[in-house]
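In what follows, subunit A forms one complex with subunit B and a second complex with subunit C.
And now, the complex of A and B:
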């Protein structure tokens, strides 16, 4: 070997060495284990003081409490605002009064909902005055303004007399009355053809961020702008507020970069359920790489994760070595592969049952990290939701095609035969369009699903697009005629089963755009059952009624329900983490640092 | 020269118009997603979608939307000064957000430029002077590796090795450190790794480029004449060789600076540096059209302006160039 060649080889070794060192240290990546970890700190315990740091990848959907609809925005609202009601921190099925003084009074016919609010709660600076019922009225009215355009105002408060989506700023809703400074009365319109109103749902929806009071005299000028600028100038009623200047401008909100929460100087601990241990909360955004983020939290101090779970390799490490830094909590949601009941052959219930029976759902779950990341469902209503126990809990109703998490090929074959396919597999030659995610674990799930369907005899054209395009251009548009959507799922809006089943399986909710009934299930008996259940006001009756609807939907096999999600929450060693069981995330106003 | 500059400025305006139009067409006429539906949430009634369309101006025909947008961004036309619109995602004004992030991108770009010039030019000169030697091969081999390794990959490896909170050899502030730094020195320290990562490929390109140019230049007749006149080899190389060989690098440098001022997307994303590049990346992912348009316009502006500046500088650097 010539001398120059030896030197060249030595150089190559030197150049490659750092990369080899980096690679050798990596964790293997083979999914979850049998062990599960929970670290649900006791809500009332914790040390006062300190700064809690939360690492996020993205931003809130909207910082305005009147606009926000998704989990991360709700997490901020729970810390900065007092909604009328809020799910109990360690039992999401119980709605606790927060801004309200007591439970709502719902009339027998469901057509009025009366709420009395606490006295003595004050807005943060620069408003600095006591909250009145007029502020609650304005908060809900502004959700209908065309400069705010709240995403669920119409769905849950559209039955309020006089409520209309897309009105000009300042438009009042006559159906919301405030007979005195402490009382709000919602007057509802009866459902079409009925003499009852959906008061039960409205009462439940008062847990949503929209019910957080907003001072009209301060917010109205901001709401006149298009889009409303109130979010960037908001005031708080909760233990924390977004840091602001003297004029009220939320300088602590740097879109896409940071949200800085400080103590609300006007917060009265005696009027709140939240202990609010830490002095400041620093939400740092842009942490895209989940491995880097996770390691920073695990190795660092006073940190928690936000919108991004740890990757499977880190999860495994935590389960084996650092269980106390991990909390696995039901998210209150689930994921499924929808089968479009208007597209052949999924218009045949036996074909749908055959597919559901034959699908190896454990393999699908493995793409997300294995059994620690969720449970295999036996029906639709997920754990943590009212109606779950009434629907049979983890055991479910005992439908045969959902009995085996690994799939039952024999049962699948029987159902295919009942559908007329004597071979026990699908025999049609047409290509079925399946549209799924093009990146991340969603892409893997879609590929595994497609492969399993092909083993059942289907010809699948798997088209993988961005997550947003998957929804807005394909799966949420009935005209697109997508046969299968493997990456869909749903989270409750508040812990009422109507918020889970109604948008997703009610035939009357099949929309031309933004449709969430991906299966386009339209069974008159189920639709009627939902319409009847929506008008029930007694919580126990609602739970039973929706559990029965869950059974009816499950028996239709409109989808392959493959996971009841769990959220993986991680924290640093010195954090006393408490998870909000409603949204499955760390509670900013209950978590402490040591 | 003045007439040339005026002609180029007119050309700049035309180019920016074309860039704006193309961006608008890509994200409006050929959309991958409907921004109104993204904004509408999970249970969008037709009335809500319609209300959002109206609020965002999406109910107007595409040409009207484009004209409205031009009216907003042109000074003295819209009545509100220059307005790049509001983010569909955060409802914040786009232009102040871009300007707020500008210093970050400037700092990142400036430091990287200094670093890659400080590394690339000496390496290029040494390699050219010692063509064919072991040193030349080592340096050019290293340059090839630096060019080949994607910025994203290099950045992640750098974090895994040297990040002071998660690295194998904790040495330097890592991801997100720039945001947390409060002093200029703290920010500079937080940018050491991003500077190195960003500068690596550019230094390598400049080194190879200068090496090639200098080798060619050193073959010229006037170089032989200079040697024949008895000038020292050092003087011949630096005073005559490098000076001629470095001229094309001015052009390259201008364009690269222009490109990076539009946002070093990959570097900013890996190291969580909230500059214009990161802002643009988040907007693209979320189909936030006003932000995309604003950042593209900004990026295009810097590229064409830097191109103009480079061409003007050329006239001073190279006496043969006259406009």
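And now, the complex of A and C:
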């Protein structure tokens, strides 16, 4: 499972991190850290009606709910589809039944997951019929089609019996059974050499967009095309739908220009948690200057931002004068500087600790906008994930080299001495290759990091390339032997800590291409602990186990964790904004206009 | 004007001193071409001011370190987070930082001074190499004519048609991989910028020189030299080349500002000098996104660039006038 997981998640991080906003569609609790946040959470009162305008810079990755693996695609899915479960709007660690009737039943050994779905939910025109369990089965199956190419189906549903990534459209998965119209059963095969199955992960993944039902008789002809045309002809089960014509063609989606959502006439309010206040949502793309976009929203009416956060100057203005127009939410992700544990001198744990201790992480954070854009980590699992509190919350485990956000030169010197450098600074003369971004805030972060390492005695050769090349040509390729990657980061897929730590610090996940264990950390005890924890089904046990793994990874100091990002969301005066704590963005189906 | 005007009247406008010479009050002194040139150039107030500015700039670039120490500014790569506010926004000009700081807390004054080094170095080396290659190619093409000329001239035409900025961007993208291009020979940085400048300028220089050589090679002194049995090489480089010094100097001076701009453009696009080395183009590129809150970050490097380019252009024009008194004034 880990191979495909790796690949899939790498895609996610690539798509998302170039924007400062982030989250590939997972979950989030607020960790009690967003004291500046306003206006979020409680679905509260809102006025019915009106048009909400959302300004985006770019487009979704895929408009198809079965293909999208990006925060913005998830935002659309949350408004237009009923996934089996949906993270609670103001506490994303709780998954609420949406298309499902009740919580999933996971067998003791984790080898079967049973879900009952609601009756009475109808597809939008032109399908106009009631949703059955077969539609959920087809939705998951099509994720494995080579015409749909879902990025995470293999990672999270690959353990379903008979599931195989990249099959021809129409291929069924025998492991998904539908004993009646309202029951779906996932039969999993045990992990190698085990008698238990990763049912806990499968149950968690049922809140991913892929679980939104798809009518086979309508979608199958579209799925025959390569790539599938279902996205441009999709039907909805949520409160909104992409405006379409009589044949089902989604005329409201113009790639790169506009996504126009209207009410789904077949939506039944009594079967949904979303209040769906506004009548219409107009997503306008191509607003690529963040300053201009921010001013338009702040001074305009009925507008919100989408894939692009306001720049620091605007944040400052809002925080000092216009707090009501801003909401800050943890993204469920973090950024770090990886130290390659296979490259000298970072194969020495004391050198790694010395660097982690001496780094002024406040200076790094200032490149992104300072305190408002996120907290400085004390361990690895970020706020918004299950396991964060178990790992000590904001305080962490009390690891000394991660205690001081401004960096502790004395402690750093002590660790250097332990590594055999009596001067308290690094004394080796070799040049270390650091590969960072060549533009935007990422470029600044890289330069600040390089300068600090120079001050610790290292000779740094900083190569600055595009964000994409940084990943694909350097940091994602162990053969490139990059010593330091200052612009890497990861986002949860859903609030399970496995989606965060397994791809990034599991030694069994080091791949020749598309690698995301950038530190190439390969500690047998940690790998084993992860394999064991993956099979746990009880949420509380999972949280404890992954928190323990967090401690083990943290103590290895494979990276300099320097920020747990927050997303900055802005809105016009007359917008009653509600943030989806899971996705870290405004919720289109909870936000209202006055 | 009256028809009976004498020679002294006609020359009057040119130089009052000639009056005395013509009327025999002062003896005629022999002047070398250099002296003649300098006398003419000196009279051009604008060009002299510009030349003074360039001299100052060169001095500042060389003495950047001591000057920064003198005004108490930190070095060009020192990052002071204390000069940033809580949102990481840079602070403006103050007694501590004369030109303010950039978004990672580096002193803009220090970076503008050090940026002058890069600009001047790249422009001088790039122009120098272009002039050398261009002159050699131009002389050979113009002197030998026939098939040699055809090959060289057509190759130059091809080079002239090359989209230089696109080439730079392409090189930067293609060569930013693990080992650069051509076995690591080409990697984004100074060498690429200089190579692009040479590629861009050489054909212009060569064309001009070729044209001059085509007419010079028919002159009597060349025939004389040939009849005395001089070798082709000798004729080209001992007889013809000295006659090309004037146009070479003029064009070189005019290429320098263009190359400073080209370097800035390439750095702006991320192909040029690699950080943390200060470069005006790179600073301008970084300044764009925060111009609304940090005008100084664009204003000072921008002004430096503008003044430098202007100064070189003015000196170039002045030189042209001074070296080519027969030609019409360029201004």
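In this text, the second predicted complex is superposed on the first by the 555 of 594 C-alpha atoms of A that agree within 3 Å, B and C clash if a C-alpha of one lies under 4 Å from a C-alpha of the other, contacts with A are read in each partner's own complex, and residues count from 1 in each chain.
Everything that follows uses one rule, which is that contacts are C-beta pairs under 8 Å (C-beta built on N, C-alpha and C of every residue); 3 or more make two chains touch, one makes a residue touch a chain.
Owing to the predicted nature of the structure, the values given are computational and were not obtained by experimental measurement.
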**Prompt:** Would subunit B and subunit C fit next to each other on subunit A once aligned, or clash?
**Reply:** fit
**Asked** Which partner does A:63 reach: the first (subunit B), the second (subunit C), both, or neither?
**Response** first
**Request:** For A:439, select first, second, both or neither according to whether it touches subunit B, subunit C, the two together, or no partner.
**Result:** second
**Prompt:** Who contacts more of subunit A, subunit B or subunit C?
**Reply:** B
**Prompt:** In the superposed arrangement, does A:151 touch subunit B (first), subunit C (second), both or neither?
**Reply:** first
**Message:** Looking at A:469 after the superposition, I want to know if it touches subunit B, subunit C, both of them or none. Which is it: first, second, both, neither?
**Reply:** both
**Message:** Output check: A:307 vs subunit B and subunit C. Expected answer is one of first, second, both, neither. What do you get?
**Reply:** neither
**Prompt:** So, A:367: does it touch subunit B (first), subunit C (second), both, or neither?
**Reply:** second
**Item:** Partner chain(s) touched by A:516 [first = subunit B, second = subunit C, both, neither]
**Value:** first
**Prompt:** First (subunit B), second (subunit C), both or neither: which does A:98 touch?
**Reply:** neither
**Asked** Between subunit B and subunit C, what minimal C-alpha to C-alpha distance in angstrom results from the superposition?
**Response** 6
**Complete:** After superposition on chain A, the subunit A residues reached by both subunit B and subunit C are 465-466, 469, 473
**Item:** Residues on subunit A engaged by subunit B in the complex (per definition of touch)
**Value:** 4, 7-8, 11, 15, 18-19, 21-22, 25, 55, 58-59, 61-64, 67, 69, 146-147, 149-152, 154-155, 158, 164-166, 226-229, 231-232, 254-258, 284, 286-289, 292-293, 295-296, 299-300, 465-466, 468-469, 471-473, 476, 490, 493, 503, 509, 511-514, 516
**Of subunit B, residues touching subunit A in the complex** = 32-34, 37-52, 54-55, 86-87, 89-92, 97, 134, 137-138, 141-142, 145, 156-157, 159-161, 163, 165-166, 168, 174-176, 179-180, 269-270, 272, 274, 278-279, 282, 285-287
**Message:** Under the stated contact criterion, what part of subunit C meets subunit A in this complex?
**Reply:** 77, 79, 81, 84-89, 103-105, 173, 176-178, 270, 274-276, 289-290, 292-293
**Item:** Parts of subunit A lying in touch with subunit C, wherever the complex brings them together
**Value:** 291, 311-313, 315-316, 360, 362-363, 365-372, 438-440, 443-444, 447-448, 450-451, 462-466, 469, 473-474, 480
